[in-house]
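Two complexes come next, and they have one chain in common, chain A, joined by chain B in the first and chain C in the second.
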Partner chain A sequence: MTFTEYLTRNYDNLLELGLEHLNLVLISMGIALVVGLPLGIVAHRNKLLRNPILSTAGFFLTLPSLALFAIFIPVFGIGAPPAVAALSLYALLPIVSNTATGLASVSPAVVKASQGMGMTGYQRLLRVELPLAWPVILTGIRVSTQVVVGIAAIAALVGGPGLGTEIFRGLRSQGNASAPNLVYGGTLGVIVLALLLDAAFVLIRRLTISRGIR
Partner chain B sequence: MTTTDTLTQADPARSGAKPMIELVGLTKRFPGTAEAAVDGLTLTVDEGEITVLVGPSGCGKTTSMELINRLIEPTSGRILIDGKDMTHTNPDELRRHIGYVIQETGLLPHRTIAQNVGTVPKLLGWDKARIAARVDELLEMVGMDPATYRGRYPKELSGGQRQRVGVARALAADPPVMLMDEPFGAIDPITRERLQNEFLRLQQQVRKTIIFVTHDIDEALKMGDRIAVLRNQSHIAQYDTPENLLTSPADDYVSDFIGTGASLKRLNLSRVRDIEMATDAPTASVSAPVAEVRAALLASSWTSLLLLDAAGRPARWVTSRDLARADQGAVLAEVGLPVEAIVEPHATLADALDELIASNVGCTVVVDGSGAYQGIVDLETIMTVVRTVRDEYERFHLAQKLAQQPADGQAR
Partner chain C sequence: MADTALATRATGASDRAVPRRGGSRLSWFGMPVLLAVILGATYLWVGSLELDTIERRTLNAEQLTRSTLEHLHMTAVSTAIVIVLAIPLGVLLSRPFARPVVPAVLGVANIGQGVPSFGLITIVILWTSLGFWPMIIGLVACSMLPILRNTMVGLEQVDRTAVKASRGMGMSPLQVLLRVELPLAFPVMIAGIRTALIINVGTATLGTFFGQGGLGFIVYNGITLNRTPVLITGVVLVSALALLVDYLAGALGRLLAPRGL
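After this line comes the complex of A and B, so read on.
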C-alpha cells in the first residue's frame, strides 16, 4: 500500500486523531496560561521570588518527556489526565519567562506617567503593562504551543489520545508493510497541526496587538 | 509715596495672590543613604503662577516634584494644595487632580491620541461624549487638528507633537495644579523654543498653578514667574522673580549658576513692544519716483532708506548709491538689499538682537501682525534698554534699603 493510498483510506481516522491531539494541546495550554501568567506577573513584581519561579519552571523543561509522563501515572492513572498534567508543566517556562520579560520591557516613563495620572496598581497592570507586554507574552505562548504539539505525540505512551497513537502503532508493528505509513501519517498530522496553530497565532497577533505598538 | 508705588509695581505677585501649593519642611530620606535627598523644603506657590525649580543635576529638584504628587512618599513635612493637607490622602485620587508632564512624555504607545488625552477623565468616570468633546477641545488648544490626530498613535507623531499631546493630557480634567518635569528637555532647540512660547500663551488662557523643573537657567528665566534656584538636597539658594535673580543674585552660587551674560539674559525678559522703537527711519513706497525717494533719504540723518510695498510691508533697504543705479534705469524694487531681520512686537529683545546681528544692515525691522512696518530696533535702542533696566533695579534696591531704615527707627 502506497502512502497516498494509506492517506485516502485513513483520512477520517487521522482527522479524528488530529482533533484529539488539538484538544489535548488546547487544554494543556489553557491550564499553563492560567498558572503561568500570574506566576510571570509575580516574578516581575517580586525580586525575591523571580529566580525561584523561573528556575522551577525551567526545571520541568529539562526532564525527559517520557519520565515526566510516567511520574503522573501513579497520581492520575492512564490516559489523558497524566498527559495533560505533564504537557501543562512543559508549556509553563516560555509563558512565565516571557510574561516576566515582557513586563520588564515596558518603558519606565510610561509606567511613571500612568502612576502620575492616578492609575491604581491594578489599573496600571491591566490597562498599561499587560497590553504593552502582550507581544512578548504572545510569543511565549506560541513557543509553548509548538513545544506542546510535538511532545503531545509522546502522550500515547501513557495511553493518552492524539496522533501519537498512530505513530506508536506503526512503531510497534515493525516489519509489517504498512508500518512506515502509520508512522509517517501520524508525523504528517503533527506537522500539519503545528503549521495550522502557527497560522492561528499570526491571526491572533494581528487581532490582539494594538496598531500603535506593531 | 513714590517709594511704595515702586515697590508694589516691582513685585505685584505677592500682593493679594492666594497660595495654591504650600510645601512645609518637606523631607525625603531614602533608606541606606546618609544625606536626605530633599531636606526641609519649604516653598509657597501662588495661584496661577509658574514656579520653576532649577538647579544642577542631582540637586533633588525632580525628587522634590515627585514628593508633591507623592510618587515618592515624603519622610516628613506637609504638602498643602489649595489650603488642604494632602500629605495623607489617597495618592491615586490626589494624582488625578494634579496634571503631570514628564520629559519622556510617557504617552501610552498602544492607545490613540484621543485615548491618551482622555486617560484621566476616564479614570474619573466621565461619560464617553463628555470625554470626546473635551479631547477635541484640548487638541485644538495645543494646536493640533482633532480630526487629523485623534485616531493616530504616539509613534506616528513627531517629538514636539508628542509633547503637545502630553500637555493636553495633563490639562484634560482641568486640574488646578500642574507639575512639569523638564517637559521640553528632549526636544530640538527650535521646536523647544516654539513649544515654550505656545505653552506660555496657553498658560495666559488656563492660568494653572505650575511647578516646572528644569536644569536650564535660560528656560527657567523664560518660563518662570518665580524661580527657586536649588543647591544640594533641594536647599533653596534664592526664590525670586527672574528680574531680581538677574539683577541681584543672593550669593556666588546663584550668580555662578546664572552664569556669564546676565545682561544678555535680561534681554530675554523685555519684549519689543515694551520699548521705544526708532520711528524716524526714512521710508518710501517701492513705486514712488526715485527723486522723491532720494529727497526722503537726504532729509533724514540715516544712510539707508526702507522701501515699503503696497501693503506697507518692508521690502528693501536702499542707499544713495543704490538710488544712483536706479537713476541709470535699474528697477527700484531690485536695487539695494532685501530686508531680512524682521520681528513682531511680542518678540524678545534677545530675538531682535539675534536678527540684528545676522542682518546685513545692522538694524531689525519691527512689523505688526499683518506684516506692516512699525519701527526699527537698532543696537543703540537695545543698549539704552539694558542701561535703563540696570539703573532702575539699582534704584529699586536702594529704595528698598532706605524703606527699611525708617521702619526700624519707628520700632525703636
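After this line comes the complex of A and C, so read on.
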C-alpha cells in the first residue's frame, strides 16, 4: 500500500488521533497557564522567590520526557492523566519566564502614571501591566505549545492517547509492509498539528494584543 | 522537540542552577548535593524493600551499571558527532557567501522543530535497521538544530565594529574568526551545546524501544512489569544523569568562557 492509499483509507482514524492529540495539548496547556501565569506574576513581584520559581520550572524541562511521564503512573495509573501531568510541567518554564520577563519590561514610568491615576495594585496589574506584557507572554505560550505538541507523541509509550499511538503501532509492526505508513502518518500528523497551532497563534496575537500597542 | 524552550532557558538571564564564576558556594554545590541526597534516599528506600524475583532481575548492580553505561555511551557519541557536524556548518552559514541560503536553512529548521523526536528516530530505524548507529543518527538529527542555530545567532550578534577593528589591525578573515568572532560567540554557542546535550540525554531514554537499552530500559520495565520500585529507580537514575550532565556542561561553559566576557 502506498502512503497516499494509506492516507485516504485511514483519514478518519488519523483525524481522530489528531483530535485526541490536540485535546491532550489543550488540557495540558490550560493547566500550565492556570499555574504558570500566577507563578510568573509572583516571580516578577517578589525578588526573593524569582530564582527558586524559575529554576524549579527549568528543572522539569531538563528531565527526560519518558521519566516525567513514568513518574506519574504510580499516582494516576496508565493512560491520559500521567501524560497531562507531565506535559503541564514541561509547558511551565516558557510561560513563567516570559510572564516575568514581559512584566519586567513594562516601563516604570507607565506604572508610576497608573499609580498616580489612583489605580490599586490589582487594577494596575490587570489593566496596565498585563496588557503591555501580553505580546511577550503570548510568545512564551506559543513556545510551550510547540514543545508540548512534540513531546505529547511520547504519551503513547505510557499508554496515553494521540498521534504517538500510530507511530508506536508502526514501530511494533516493524518489518511489516504497512509499518512505515503508520510511522509516517503519525509523524506527519504531529507536524501538521504543530503548524496549525502556530497559525492559530498568529490569529490569537491579532485578536488579543491591546490595540494601542499593535 | 524541546529545543526551543530549552534554548529560551539556556539563553535566559537568571534561572541557573549553575553559578557564575566566583558565585557563592551554595550555588556551586547546590545541585551535586541535591543529587547526592536524592540518589542516597532512593538507594536507602529500595534497599529497605523486600524485592521479589521480578524486581531483582532488573534492580541489581550489574543491570543498573550496564544501562547507565549504555545511556552514557549513546549520549556521548551523539553529542560529539553533533558538535563536530553542526559547529562548522553554523560557521559556514554565517559567512557572507552563504547569505542567500540562510533563510531556506532557517525555514527548514523551523519546521524541523515540529518533528517529534520519537517519530524521527522511528523513521531512521525503519530506513536502516535496528542498531546502535541508526539510533545515533536519530539522536544527532534530533539535537542538530540548537547547536546550528546558536552558532549562527552567536556569530551574528558579534559586534560588527569589533570585526572591523580587527580587520583594521591587519588580521586575516580566518584570524578574525578564530580570535575575535568565535570567542565572542562562545557563550551563545555553549548554550546550544548544552541544550543538545540535554536533548540527547533525554532522547536516549527512548533507546530501549529501539533495542538499544539505556536507562529507559529500567523505566519501561517498571511500567510494563507494574513494579513501582523499578520504575522509581529508573526515573531517579535517568533524571539525576540529565541534571548532572546539565550541571557539568554549565559549569564547564563558565570555566572555559573567555576571560574578558
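Everything below uses one rule, namely that the second predicted complex is superposed on the first by the 214 of 214 C-alpha atoms of A that agree within 3 Å, B and C clash if a C-alpha of one lies under 4 Å from a C-alpha of the other, contacts with A are read in each partner's own complex, and residues count from 1 in each chain.
Please note the rule applied: a contact is a pair of C-beta atoms (placed from the backbone, for glycine too) under 8 Å apart; a residue touches a chain by one contact, two chains touch by 3 or more.
Since we're looking at a predicted model, the values are computed, not measured.
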Chain A as common anchor, with chain B and chain C clashing or fitting: fit
Arrangement angle, chain B at one end, chain C at the other, chain A at the vertex (C-alpha, nearest 10°): 100
Between chain B and chain C, more extensive residue contact with chain A: C
Contacts of A:V190 with chain B and chain C, given as first, second, both or neither: second
Touching partner for A:L132 - first (chain B), second (chain C), both, neither: first
Contacts of A:Y90 with chain B and chain C, given as first, second, both or neither: second
Touched partner set for A:T120, first chain B, second chain C, both or neither: first
Touching partner for A:Q146 - first (chain B), second (chain C), both, neither: second
Shortest span in Å between Cα atoms of chain B and of chain C, once chain A is used as the common reference: 24
Residues of chain A that touch chain B when the two form their complex: 107, 109-120, 123, 128, 131-132, 210-213
Residues of chain B defined as touching chain A within the complex: 69, 71, 92-97, 100, 102-112, 119-120, 123, 153-155, 169, 179
Interfacial residue positions of chain A with respect to chain C in the complex: 50-51, 54-55, 57-59, 61-67, 70-71, 73-74, 78, 90, 93-94, 97-98, 101, 140, 143-144, 146-147, 149-151, 153-154, 156-158, 164, 167, 170-171, 174, 179-180, 183-184, 186-187, 190-191, 194-195, 198
Residues of chain C touching chain A in the complex: 1-2, 4-6, 8-9, 12-17, 111, 113-120, 122-123, 125-126, 130, 198, 201-206, 209-210, 216, 219-220, 222-223, 228, 231-232, 234-235, 238-239, 242-243, 246
